[in-house]
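Several structures are given next for inspection.
Okay, so subunit A shows up in both of these, paired with subunit B first and subunit C after.
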Partner chain A sequence: MQEQARLPCVEIRNLVKKFPGVIAVNHINLKVKHGEVFSLLGPSGCGKTTTLRILAGLETADEGEVLIEGEVINDVPPYRRDCNLVFQNLALFPHMTVEENLAYGLERKRVPKSEIRKRVGEMLEFMQLNGMESRYTVQLSGGQQQRVALGRSLVLKPKLLLLDEPLAALDRKLRKDMQVELKRIQKEVGITFFYVTHDQKVALAISDTIAVMREGKLEQVASPEEIYDTPRTRFVADFMGATNIFPGKVIARGGGEIQLETESGLKIVALADKASNNKTITGVCVHPERINVLPTGPDVETENQFNGRIVGMIYQGDFVELKIHLLSRKKDVSVTAHLDARLSRKDSFAVGQEVTIQWDRDGSSTLHG
Partner chain B sequence: MKIFFGTKAPVRILPTLGPISLWIALFVFAPVGVIIYFSFLPADSAGEISAGVSLKNYWLLLTGDTDYGKAILRSVLYAFITNMVCLGIGYPTAYWIARYGGRFKALLLFLVIAPSWSCYLVRIYALKQLVGYPGILNDFLLHLGVISSPINMLYTSTAVVFGLIYIWLPFMVLPIYASVEGINPALLEASLDLGASPGWQFWTVTLPLSKGGIFGGTILTFIPALGDWLVPLLIGGNKVWMAGNLIQHYFIVRGNLAIGSSMAVILTAAVVLLIYMCIKLGGEDAVERIV
Partner chain C sequence: MKSLRTDRLLLVLVVGGYLLLWGPIIVLGIFSFNSSAFGVKWESLTAKWYVELFQTSAIMDSVVRSLLIASVTTMVATGIGTIAGYGLFKYKFAGRRFLRLSILLPITVPYVIMAGALLVYFTQIIHVPLGYPTIIIAHISFSAPLAVFVTLGRMQRIDWSLEEASIDLGADRLTTWRKVTIPLLLPAIFASAVLIFPWSFNDFTITYFVAGVGTTTLPLYLYSMLQYSLKPVLINAISLIFIITPTIGILVLSYFQREKQFTR
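Let's look at the complex of A and B:
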């Protein structure tokens, strides 16, 4: 048992999957700990769904190994795997009632009738579907269908639950509610979730670990905070919304800080992280909300302070997005800044106005590729 | 006439429905009406019709020596066998094409349908050429020395049923193909994922979801087979009497329109009942698959 607990719930070793003309999954390695929510995040076509389907057994791996609790399951057919999948379009059986949908897997497992009734009853209760048991799934609302799909898998108590963007089809408000719901359910049942999504907001909200995937490879695997605050690569930075990306080189290092000179001639200060050496750093990125925008340029120049002119303003409700061109640069550089709607009024700035922007050194995060 | 379809705007329905209703009234309901009317006219054994209305014809069919009861039972039996064999051959065929046809799907379907584009009569004669004597199959077997004298394969009940199956099989394949093809592949994956073996998956997901196709195909094969008279006439050679033959015989050979009409009414009633049952059991899906 001790041994069991130390093994990762899922381990993927050197996984490769090729489709005609494209390598969908290209030598992936990852480990998923017991009881965590692990998100595989990436744009469509990056291979995340293929990886998930290989875990479910619906696709076969071309190379590499997939292990669940230390056991290689490459050749185990999907119906003998101890993991279940919640499909993107839910795939509820239209010819069965809610109750029959929930009982489907249990019946196959030769669970005694009384036990099935009990567990289905509990699941109806847990998923707040009381009174719906004899309805057909088409008669349910989107949120209820979602819960039936989730319940149908959870009732089997799998070691691993695979989720293929099950929230993608819901409207914004319901999606937010279901995020909270999913997190609650996961905490309560303690089952490991392997969640595939292209929505970085959902991933940040529900995950314990996020793996960002791009063109069949993993770009970065880390906690949500780490992924958001210190994206390792340009791609991750861009995907996580750190849209101000400045390619550049390190020119000085010391005292816990590093100085970079960007290709456009800006001198940017960032915190030095010990793990990296100067050579691997290829640039720096800044999240738009880390940038302060000041109406008038102060005389004293501090670190990461530049003058510019507002060229665009987009009102977004909770914040205002400013597009600012930096003045007197070799190359045109534009910066995006988000102004918190509570702190600054929309009308305190106008397009064409000259402003000074500034951010703290911990706002700039170094990139490695 | 003004009809409100849940909106405030009155819809003038007659101009839109007029021509087609007229067509249906003229060519569907009117002939049926005439047949029903004929069936109640008293007629003597020579077929001479006298005025009045009576149930004499129906009484004769029930008690007389027309053998219509036997013919109906035989028709139902043959149609049932035809239907079951078509289902037995058609389901795997349709399933296989839908699942594993890949890029040949269209071609395979075409091959299934193509024969039914040629004239029904031509196909029956082709079949006769194949299995009759002189015929290709007999010549072939004789030539090989497998048999010493030609086998009589025509003019038996088996031959009639075989002919019916041959003629009506494509109409079973198509609706089943459509319903199997229409099943969301994610449902099949979901059942595997939830622990169903491929066999169990077929039994609990594929089969229930293609029920509409099965009943649709049943409507399209059982009913024409039930009323068929050309196959028993040409392949059965006046030895195997089905209901359709008897009706045709009374109308054309005996010229007894009244008896023939009452036979036709009974057969039509049976067909209507069967369609109703198929739709009841197969659901709306069955209707959708054949329309």
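Let's look at the complex of A and C:
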């Protein structure tokens, strides 16, 4: 048992998967701790679903090893693996009732009938599906179908639950509800979740660890906060919504801060992170909500303060998105800022108006590639 | 605005088409109750032909023969066709396209040519005496491609992640076939069977060539009656029975089909 606790739930070593004309997974290494929600996040075609399918055993690895609790499972057929998959389209059996769907895996494992009935009953209760047991799955609502799909896998008590964007097909409100629900379920059953998604919001909301994947490789593996606040690369920054990316070089360093000069000639001050040297820093990114926008006022020069003109304004409900062109630059630089709708009146800014933008040094993050 | 003339034209077309489809059958049905043994002149209402029909053992024998042949053909051809369709759809292998085409193409070969070829094949090459085996083999050879055709059509609309889900939940390939794939294919299997059974039952051309002595099927018997019988009106009677029975069957089945709509 102690041995088990020390081993990661899942370990992937040097995994490679090639398809004709493309390397879907390119030497991936990762570890998933017991009981955590691990998200593999990336755009479509980045290899995340392939990785998941290799874990499930539905695809075979070309190179490398997949381990569950320290055991190599490359050659274990999918129907003998102690991990279950919740499919993107849920893949509920349309010719079976809810109860039959839930019992399917247990029957295959030749669990005694009385125990199947007991465990299915508990799962119906747990998933709040009481009274639905003899319905066909097409007669259920989207949220209920999600719960049947989850229950069908969880009732087997797998060591690992693989989820392939099961929330993607839901509308926005239901997706939010299901995120909360998913997190609650995971906490309660304590099973490790391996969640594949292209939706950074879902990943941030449910994960303990996020791995951002790009073209078959992992870009960054970290906690949601770290990924969001300090994306390491331009790709991660962009994917996490830090749309203001300033490529540039370090020109000065000291006292825990660095100064950069961007390609467009801006001088930016940022926090120096210890782990990196000047050479590897390739720029800075700033999340739109970290940028303060002020009506152009007194010329008090503080750090990271620039003048610009509003060229676009999009009302988004809970915030207003401003597109601002910085003035008098060699190259055109535009910045996106989000204003909290509660704090700024809609009419306090207008397109064409000159404004001053500013952000604090801890609101930005240095990029390394 | 839709003009009244277009509406009327449409109505004429619909009624005309419908009459074309059902007219001959209705006339035939009515005349099966005509007491005259020949011709088109109406004499008086009678049901005696139906009585005679059931008393003529040659007719009853040929009906039983045809039902037997059609049943065996349907079962075997549907089985072969479903498995072949599955293989052609699911597995990628060299020559798959060619194989698919070469299985489906014989549907377009004229029956007379197919029949002649089969006769030569049976008598000159593999030397099988003509009879039940040759009829059934011949029927399977022209109806299995139909099952492949129907199955392939259905396969395109099946959600194949269901098979993967089954395997993921602990079912091996065979169990997955039994518990998931076959139930999903059931509409296709059923459609194939519904298509093949009457096809086999009704076949005249090919059976005419490959049937031996003593294996006269119903279509062959009806044809000979038409040529030599003194009571062609019997054909009307038997035809009506074989029109009404499947019609009722199809109505009943389509009712149940609607009751149990679970497939997408």
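In this section, the second predicted complex is superposed on the first by the 368 of 369 C-alpha atoms of A that agree within 3 Å, B and C clash if a C-alpha of one lies under 4 Å from a C-alpha of the other, contacts with A are read in each partner's own complex, and residues count from 1 in each chain.
Methods note: a residue touches a chain if its C-beta (ideal position, glycine included) is under 8 Å from a C-beta of that chain, and two chains touch if they have at least 3 such contacts.
Quick caveat, the model's predicted, so the values are computed rather than measured.
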{"item": "Side-by-side fit of subunit B and subunit C on subunit A, or clash", "value": "clash"}
{"item": "First, second, both or neither for A:S348, with subunit B first and subunit C second", "value": "neither"}
{"item": "Touching partner for A:G105 - first (subunit B), second (subunit C), both, neither", "value": "both"}
{"item": "Partner chain in contact with A:V138 - subunit B first, subunit C second, else both or neither", "value": "second"}
{"item": "Touching partner for A:R152 - first (subunit B), second (subunit C), both, neither", "value": "both"}
{"item": "Partner chain in contact with A:Q128 - subunit B first, subunit C second, else both or neither", "value": "neither"}
{"item": "Subunit B and subunit C contact sites that coincide on subunit A, given as residue numbers", "value": "56-58, 77-80, 84-85, 87-89, 91-95, 104-105, 108-109, 152-153, 156"}
{"item": "Sites on subunit B touched by subunit A in the complex", "value": "184, 186-187, 189-197, 200, 204-205, 208-209"}
{"item": "Subunit C residues within the subunit A interface of the complex", "value": "159, 161-162, 164-172, 175, 179-180, 183-184, 262-264"}
{"item": "Contact set on subunit A toward subunit B in their complex", "value": "56-58, 77-80, 84-85, 87-89, 91-95, 104-105, 108-109, 152-153, 156"}
{"item": "Contact footprint of subunit C on subunit A as seen in their complex", "value": "56-58, 77-80, 84-85, 87-89, 91-95, 104-105, 108-109, 136, 138, 152-153, 156"}
